[in-house]
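Chain nomenclature is as follows: A, B and C, assigned in order of appearance, with residue numbering initiated at 1 for each chain independently.
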Amino acid sequence: MSTSVIAPTAKLGAGTRHGDFCVIGEDVRIGDGCVLGHHVIIHDGTTIGANVRIDDGAVVGKRPMRAANSAVTKDADLPPAAIGPDGIIGTHVVIYRGCAIGRKVLVADLSTVRENVTIGDFTIVGRGVAIENFCTIGRYVKLETNVYITAYSEIEDRVFVAPCVATSNDNYIGRTEERFKHFKGVTIRKGARIGVGAVILPGITINQDTLVAAGALVTKDTPARKIVAGIPAKEFREVPADQLLDNQGWKE
Amino acid sequence: MSTSVIAPTAKLGAGTRHGDFCVIGEDVRIGDGCVLGHHVIIHDGTTIGANVRIDDGAVVGKRPMRAANSAVTKDADLPPAAIGPDGIIGTHVVIYRGCAIGRKVLVADLSTVRENVTIGDFTIVGRGVAIENFCTIGRYVKLETNVYITAYSEIEDRVFVAPCVATSNDNYIGRTEERFKHFKGVTIRKGARIGVGAVILPGITINQDTLVAAGALVTKDTPARKIVAGIPAKEFREVPADQLLDNQGWKE
Amino acid sequence: MSTSVIAPTAKLGAGTRHGDFCVIGEDVRIGDGCVLGHHVIIHDGTTIGANVRIDDGAVVGKRPMRAANSAVTKDADLPPAAIGPDGIIGTHVVIYRGCAIGRKVLVADLSTVRENVTIGDFTIVGRGVAIENFCTIGRYVKLETNVYITAYSEIEDRVFVAPCVATSNDNYIGRTEERFKHFKGVTIRKGARIGVGAVILPGITINQDTLVAAGALVTKDTPARKIVAGIPAKEFREVPADQLLDNQGWKE
């Protein structure tokens, strides 16, 4: 006998299984061949493609929270969360309503993906990663463990962000009314790479195939295909040819 | 029929709702108009004000853990956790017994608040933040995503801490018996601001309205109303007048 | 009446208790006198020693996830997770199958321990710590809050890693086929200590009783019993004699 609570209007595909104490809300659509662990919560209206694995304690389709004094006060009418086929959602992951995730995406344990975020196919969102609201993440991106992507960021295809990289979006650091006009996340162009523990300031563009060295503090836009390093980060040398994106033999 | 386990001595206010598979312990008091998600655990004796939202998988009132070789060995008799009205507790948050949280406080997803902590009204504790034991956090404070507040810290009103800031409290770094006398967290005075990815050493005071630049390493106390930057952080220039706390037109 | 789901082949020791909505899988063995909170999930085959405390929402014995484009593609036949006696597993912790944890180990809230990891006796794994796969952690180690230990690392006995330290294992940063031959984590020798917010590059050895200062970027192997500091880290001075491991009077 099932210990889970599944709304009568939810539809689970052929061969889809779930563990104990799951909660599956109204009008949820789950494709064929999915495997849900124990204690999984899928909120109303969420759609999930075929062959997705969702691990214990994951929460999909959470409604945004609004703090009394949050900088973001508009409460939009968000579409339900949508997760493409063939992906994996890790343990205790939190995915918000208004988030669209492509196919073959891995969202690893304890990470969070906020509302108004899109994530392209074949991307890896590492353990403990936080992607804030209003971000666009491309295809074949790797965000490694504990990476922090600030709101209003754009990350293009084939970007690689090493563990514990931090980003920011408010040069006014919480002061002045002006700041509300100027919130700007980071832009990371196609194939750029960011080393472990680097910090990127608000509004910065990391250009195509730039390599930001480990521990760098990026205070201005970076030149394409160069390595930048240091605090503040300065141009250091060319990215080795064999590491350039175009020389990897990747099809797309 | 409810799937939750609610102790007979627990009292839930008028209009308070809860999801599936919640566990509400003995003598818990929850005010009117609260909304608890699924899988919420409220431990014995906890009090929660009116109109609080508590999201899926949150745990409130956890008893401290004691490691075999932890530096903190005293096991005090802690009062139950107390959460003021009108707040939000995020998904998979962990709040300890012996923690007192004010009104209109947001504690975002996956953050932890340890025992012997007080948090003032209107404060935001961001996603993934960890506040260790014996900390005092003021009113209208913002601790952004993944901020780490070490034990024995004091953070005054209107402080802003940007994402991924780290603090520490042990200059002896785990050696000598001496160190137990000298554990000292950080003190962040009213209106001070800390930029993304900064690191603050044990016992440091960040003075009133100081702005610590992104990525700085703060090794000594900072001057009020100055910007400090670099590794180690040095005085850089005045905080722009329009960014000073007194010039924001905030009432309190 | 129990609300938990316990497989008929699971064996729980004398005096072992569990909370509500737990799931205990096939062939699990739990020793005497253990205390499991609510919503605890113990996957098939896991063994747990006597007198272990496992807090709410912890997941033990999770099977690895494999991303479509993960660098690690081999899927080994992992042994079940094994946890020694007298330890504590915190709230929402995730421990993988193929992980062996010693006695009197604390794994604090929201931390993750991946497959093919061993952790020695009396070690503390702090809140939010992530230990990736193929790591060896010694005895009496302290990994403080939010420390990140990259895959293929070795950490010897009595090492102390302060909060928010980051490590890495790929000098090619996700490019070239070459890189698969060169993944190498960090090696931290007996008694070494790493200060808050330090970053350690791939393949680095931190030698015996080295002290890495807070905020340092370690780009080459460190000398034993010296303090290294700065970006990049340079030899600074001797570790004070009273802080050397041999002078602590510790028995082992």
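One rule holds for everything that comes next: contacts are C-beta pairs under 8 Å (C-beta built on N, C-alpha and C of every residue); 3 or more make two chains touch, one makes a residue touch a chain.
These numbers come from a predicted model, not from an experiment.
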Proportion of interface numbers common to chain B and chain C (over half same, under half different): different
Relative orientation of copies chain A and chain C, as a Cα rotation angle in degrees, nearest 5: 120
Inter-chain centre distance, chain B versus chain C - centres from mean C-alpha coordinates, in Å: 25
Set of chain A residues in contact with two or more other chains: 21, 39, 57, 92, 110, 128, 146, 164, 231
List of chain A residues in touch with chain B within their complex: 5, 21, 23, 39, 41, 57, 59, 62, 65-70, 92, 94, 110, 112, 128, 130, 132, 146, 148, 150, 164, 166-168, 170, 172-176, 178, 199, 201, 217, 219, 231
Residues of chain B touching chain A in the complex: 3, 19-21, 37-39, 53, 55-57, 86, 88, 90-92, 104, 106, 108-110, 122, 124, 127-128, 140, 142, 145-146, 160, 162-164, 193, 195-197, 211, 214-215, 230-231, 242-245, 248
